[in-house]
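Below, subunit A partners subunit B and then partners subunit C, in two separate complexes.
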Partner chain A sequence: MRLSCPFCGPRDSAEFTILGDAGVTRPDPDAPDAPAAFFEAVYLRDNPAGPHREYWYHGAGCRQWLVVGRDTVTHEIFDVTLARRP
Partner chain B sequence: MRRSIFSLALNALTGHRLWRPTWRDAVPKPEYDVIIIGGGGHGLATAHYLANVFGIQRVAVLEKSWIGSGNAGRNTTIIRSNYLLPGNNAFYELSMKLWEGLEQELNYNAMVSQRGIVNLYHSDAQRDAYARRGNSMRLHGVDAELLDRDQVRAMVPFLDFDNARFPVKGGLLQRRAGTARHDAVVWGYAAAASRRGVDIVQNCEVTGFIRNGDAVVGVETTRGSIRAPKIAMAVAGNSSRVAALAGLRLPIESHVLQAFVSEAVKPLIPGVVTFGAGHFYVSQSDKGGLVFGGDIDGYNSYAQRGNLPVVEDVAEGGMALMPMIGRIRLLRSWGGIMDMSMDGSPIIDRSPLPGLYLNAGWCYGGFKAIPGSGFCFAHLIAKGEPHPTAAALRLDRFERGYLLDEKGQGAQPNLH
Partner chain C sequence: MSGYRLPGGGAIDRTRPLGFSFDGRPFQGYAGDTLASALLAEGVGLVARSFKYHRPRGVVTAGSEEPNALVELRTGARREPNTKATTVEIYDGLKAASQNRWPSLGFDVGAVNSLLSPVFVAGFYYKTFMWPAAFWEKVYEPAIRKAAGLGRGAGLPDPDLYEKANAFCDVLVIGGGPAGLAAALAAGRSGARTILADEDFLFGGRLNAERLEIAEKAGADWAAEAVAELASLPHVTLMPRTTVFGVYDGETYAALERVADHLAVPPPHQPRQRLWRIQARQSVLAAGAIERPLVFGGNDRPGVMSAAAVRAYLNRFAVAPGRRAAVFTTGDDGWKTVADLIEAGVEIAAVIDARTGIAHDHEALAAAHDIRLFAGAVVTGTRGGRALHAVQIRDAGGGTRTIACDLLAVAGGWNPNVALSTHLGGKPEWRADIAGFVPGPALPPGMAVAGACAGRMNLGDCLADGFRLGAAATGTTPPEAPETGPDATTATPLWRIAGTRGKCFVDFQHDVTDRDVALAAREGFRSVEHLKRYTTLGMATDQGKTANLNGHALMAALTGRGIAETGTTRFRPPYVPVAIGALAGPHRGPDFKPTRLTAAHGFSAEMGAVFTEAGQWLRPQYYPRPGESDWLESVTREVKAVRGDVGICDVSTLGRIEIQGPDARHLLDLAYCNMFSTLAVGRARYGVMLREDGFVMDDGTTARLGPEHFVMSTTTANAARVMQHLDFLRQVLRPEWDVQCASATEHWAMFAVAGPRSRALLQDLLGDAFDVAGLPHMGAAEFRWGRARVRLFRLSFSGERAYEIAVPARFGQALMRRICDLGATPYGTEALGVMRIEKGHVSGPELNGQTTAADLGLGRMMSKKKDFIGRVLAGRPGLCDPARPALVGLKPVDRGRRLRGGGHFLRPGAAPVIANAEGHVTSAAYSPGLGHWIALGLLAHGPSRHGETMLVHDPLRDGDTLVEICDPVFLDPEGSRLHA
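Our next item is the complex of A and B:
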């Protein structure tokens, strides 16, 4: 598997570390349903077989956090972009 | 035919023409008392204990491919019960005790071989951690011995004891641990369940659930609708996909774990040896191949194959531990899909939907747990309450904060 880093170009996957599902956002701790929302954010995952958006960290390169679109069945990588706040 | 020395002699003298299939490849009926989704070790063991121990014979096991084609055929066949935490300890020891009587119970040679496992330690801190784990095991009636360097050297003299970075300082030994023949475990459970009337249905993939309000009352499959008041999932690797058919999200991610076998060599490694400074474990099969593995690749995957960086990492771990294997050629490598739970421990519980039961989250420790998992899952399904040794393996432990995190890694599945 090779990731095309937007800053460094195509690099071996061993240079990167995965964090996990990029669809997870930190819930509002002051919301009335905060305990349930935090439980979902910390523990529950869609875990799809197919396209998956995930955070990777390019630790042995530009040290940027990236969002990678990747197919979990074929390991095909669709796109790699810089992670940003929505 | 019951297997014995006499049946073997009879068949040997008659040219092996009298053998019959050991289990029945069934056509699904429209209705059962219990449907088990997944014809791997856990599903077939559950069917066996339901039929032979808990007296429920109208049971179907639905397998999307052929039985034992998933993780039951992709593991490294190690059995052990060297766990630290009270919620896990008694459960894995129950499983270990069931392994010890398995072949007599099933009348099938599963080649259970209690050749021992030694977890090596390489620092004072690691020795203390292993002493703590060994003490926890002994408090629960599990055998454990803390070995010093000389005792380890007497067992496995070929290690690189004076490795400059990670010298071997000793190990934690469980003598009752060992290996078993993975396919024979599947076939043995299938045979014992089939003898009691359990229908084992192959090439039958579940494509949806039949609902009655909240309750799950049946499954849609590629071979038609099948109804039952109790539906039990034992599909580790694909738990999230099957649960999604019922609208459930689980605290699980699927990851790929690679394993390797070398060419066959003469008897070399007496038991199971694990490297404490990297992640590498090795045993030797009865055919002579070194069976070994290491870490999961670390990214979500359903691909049943991994990437080369982990192959290199495992090989480096092996070379750091036992440089003598450097000239041995690799015969095969493969990947299996692990149900990585958020605390590294499994789930045997009811689901939030009435009628649906969940057996999932085995991470990469599912093989050793097959008998215990089958027994406790069958107990839950038949009696409606968890077996005492599996009472901590609840689905709601994440929400309630009662995690069973052996490694203390937190909710990061690829670190367990």
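Our next item is the complex of A and C:
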């Protein structure tokens, strides 16, 4: 499998590390429901069969965190963007 | 069977005879022979014994689909089991041996299994060896493994090299037969980067095996010319002896090149095999087709051979596999074998054609050569022991005849070789007109299928297909395909022959018969996937290349379904067995992973250090000196030197991360559970980092070298993970912050200089460059010293007055040498460990990913004034429970006893069951200062239990030890030595 890094171009997947669902945002730690929100953010994950957005880290390249749109069934990669929004 | 070499012809070099041996008997073949062709030429028909019934077996095919002729190759450390004699190129001195037989191939005691075959049916093992369960591992399995099975591994380290390589191309053509050659020509002529890979050592595929005509030339000559043209094209790479065995995501293909398998020993500096990872924009699968056997009684007897293989042996290898042949065919294909046998001058005893209407020219051919023709007839059995003597046939009228022959060529039709088209989940489609499965529409991205593999079974179509798809892959116009001679292939499928005698094999390699398939159907294992697992059909090393369709067709008939409806299994990589050594490549032994050496590694080696692995790093473990009897004596000396004088330890492996920017302090506050924004410039602080789930991730010290400049230390093990974590925090969680991180681990050499004399030594070393005495505890400074930039930190892991001095890596070795010249004793990770245990400092065994800051006695470090990663979930009730195992110290009640890590805590008298375990011992060391062993552990309610006696249960080693629970700081709890 290869990922097309916005900086480095198409690179072998061995250069990257996956973290998981890029849809998860870190909850507000000061909100009254913070414990429940953090529990959900840390432990509860969907496991969709189909399109999925994931965090990947190009550790053996530009060291950037990326958001990869990937189909978990066909392994098709439809886009790769920088996680750091411009 | 008594094969012989034909007087002329063939693609062998008769000027280069090669000597080889089989089961110790010397034989001779020629360059260009496979082991199978050479053995057949020498009249050897019996080459193997079957897997389960130990049936005598001979060569059935002429390619990598061979199910029978598996042999052991070479001897000693190079012995390799289960190689297919049909693909092994012979070389001078080759030693081959039969396998799975005892005491000899001719007389095999295991053949008694054949008489017991009513017992050895499908599911036999599951049903028979169920009880008693304890017998399975000790009695049944060893006995079964001894009796059944294939060859033996060498049992010695492989002396050869294996390589990995990458290739990139526009078009990868898989298979060098007519379709593949045409595709490669079309792609190559357009200037596209083209790779043509074929598992054979000779390109041409069936063109070498048949007497075909292209452009009024012999097919083999046309192939040779095509190969010559391809070799002359600058962007074309020819890869013979290379099997493309897997298709993976991202247009990635795996291939195995047998670089030196055809030589006795690889040439110097050459690998035995090379594993290729090929990136191909487009691929053309031209893998051809495999002739299927027919299912009749005794169809596995040596002498029964694929009719297409007979043609390959006659035409390519100039070998007649027998002296008196019969041909059993279900279509026109077998008639090619008839013609070739006639051409080669081999006597033909009979042609048995299962069809009733036989084309006039076939009849005429038989008549012209006075060959007995049985139309509408079938073979019902074979006679002979270890070689075929006769076949029994049932003619159109139902009469039975026996025909003496030593070779039976069987033409059952062709199965397109769809394996690679299914590796990414593609489903083959049934084509009734060719009675075979072809690749379905869901092909791997970029793949097109050409020729016989796509079900186009005659030569003209194969060439046209190859030219068309090779051109399409490069966006060019296809060249005009040359004229070809006649090449009709029709097959009327015949899945099972009724009323036959003896065992009818479906899967030769796994000894699966038609009765096993019937049993599976009766017992409800009717899906092809269940059939496969119940009978092991298609589960041998050949993955059922010749067997699957016959098995599935039998199941279809037994369950009253069509073949399309019954379906077929999909293939998984690898297409052919690949040695683990090839997959590992050069990454074995010490080269399994990269080895990282510190800048001062050479000096430590000079000092006689024993090194230990820490991830990829090699670290000095201890420095034995002459006269010291064991490691403990060396370590004790090193600890005493640090505690009494001064020592130096290479700590360059700790991760170092430079953090700069106006928001650097905010990043540290977020990453660490304790406060860093309040840290003064020129000071360092110990920090603990949590994961978001509230457990400890890493620890280390971070120093502030400037208002916007920090340098962080991580543990050796977590350096890369912490770097990734910091990048996540600043890029994903806080992209608005202005802060940069860079790994500087490799750039600095760092040494701990510890002991009462450390300050004096460093002052001697640095002279006027720096006032060492002016650096307070937890102070940090950066200054120039001659040509070097130096960072000096006053930190202590050992509990002594200590410093960490860092210089650019290129000065590291010189610095360590200088410090040792000034009298410091080098110490390694063992002494470091002893001293940190004496001080109750946590390290890897305590930072195990399952401990919280509170568990480690660091709970008060968690700031209440700021947000940090892990804050919310560290506050979960379960993680604040005082019953959680927490850090304690341990002393053996009998001070003479040794303590070891790993033992579980039990109350004295409690039963040694896991429910009674109250924690475990994490780290243990012999304390030279205290004169006995000490340890750290994690014990439920630990901090409130000092003074209690517990049992450490360690059934695997020293048994049980009574210990006294105590404070984890064994030495100098007031820290007076630190400030001395």
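Definition applied: the second predicted complex is superposed on the first by the 84 of 86 C-alpha atoms of A that agree within 3 Å, B and C clash if a C-alpha of one lies under 4 Å from a C-alpha of the other, contacts with A are read in each partner's own complex, and residues count from 1 in each chain.
The criterion applied here is as follows: contacts are C-beta pairs under 8 Å (C-beta built on N, C-alpha and C of every residue); 3 or more make two chains touch, one makes a residue touch a chain.
Note that the structure is a prediction, hence the values are computed from the model and not measured.
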{"item": "Subunit B versus subunit C as contact partner of A:T72, first or second or both or neither", "value": "first"}
{"item": "Partner chain in contact with A:M1 - subunit B first, subunit C second, else both or neither", "value": "both"}
{"item": "Partner chain(s) touched by A:P29 [first = subunit B, second = subunit C, both, neither]", "value": "second"}
{"item": "Partner chain(s) touched by A:R84 [first = subunit B, second = subunit C, both, neither]", "value": "second"}
{"item": "Partner chain in contact with A:Q64 - subunit B first, subunit C second, else both or neither", "value": "second"}
{"item": "Subunit C-contacting residues of subunit A that also contact subunit B", "value": "1, 13, 17, 39, 42-43, 75"}
{"item": "In the complex, subunit A residues that touch subunit B", "value": "1, 12-14, 17-18, 20-21, 39-40, 42-49, 52, 54, 70, 72-75"}
{"item": "Residues of subunit A defined as touching subunit C within the complex", "value": "1-2, 13, 17, 19, 26-27, 29-30, 34-35, 38-39, 41-43, 55, 57, 59, 63-65, 75, 83-85"}
{"item": "In the complex, subunit C residues that touch subunit A", "value": "248-250, 252, 279, 692-693, 720, 723-724, 727-728, 731-733, 735, 867, 871-873, 875-876"}
{"item": "Partner subunit A, residues of subunit B touching it in the complex", "value": "238, 240-241, 244, 249-254, 298-303, 307, 309, 342, 398-399, 411-414"}
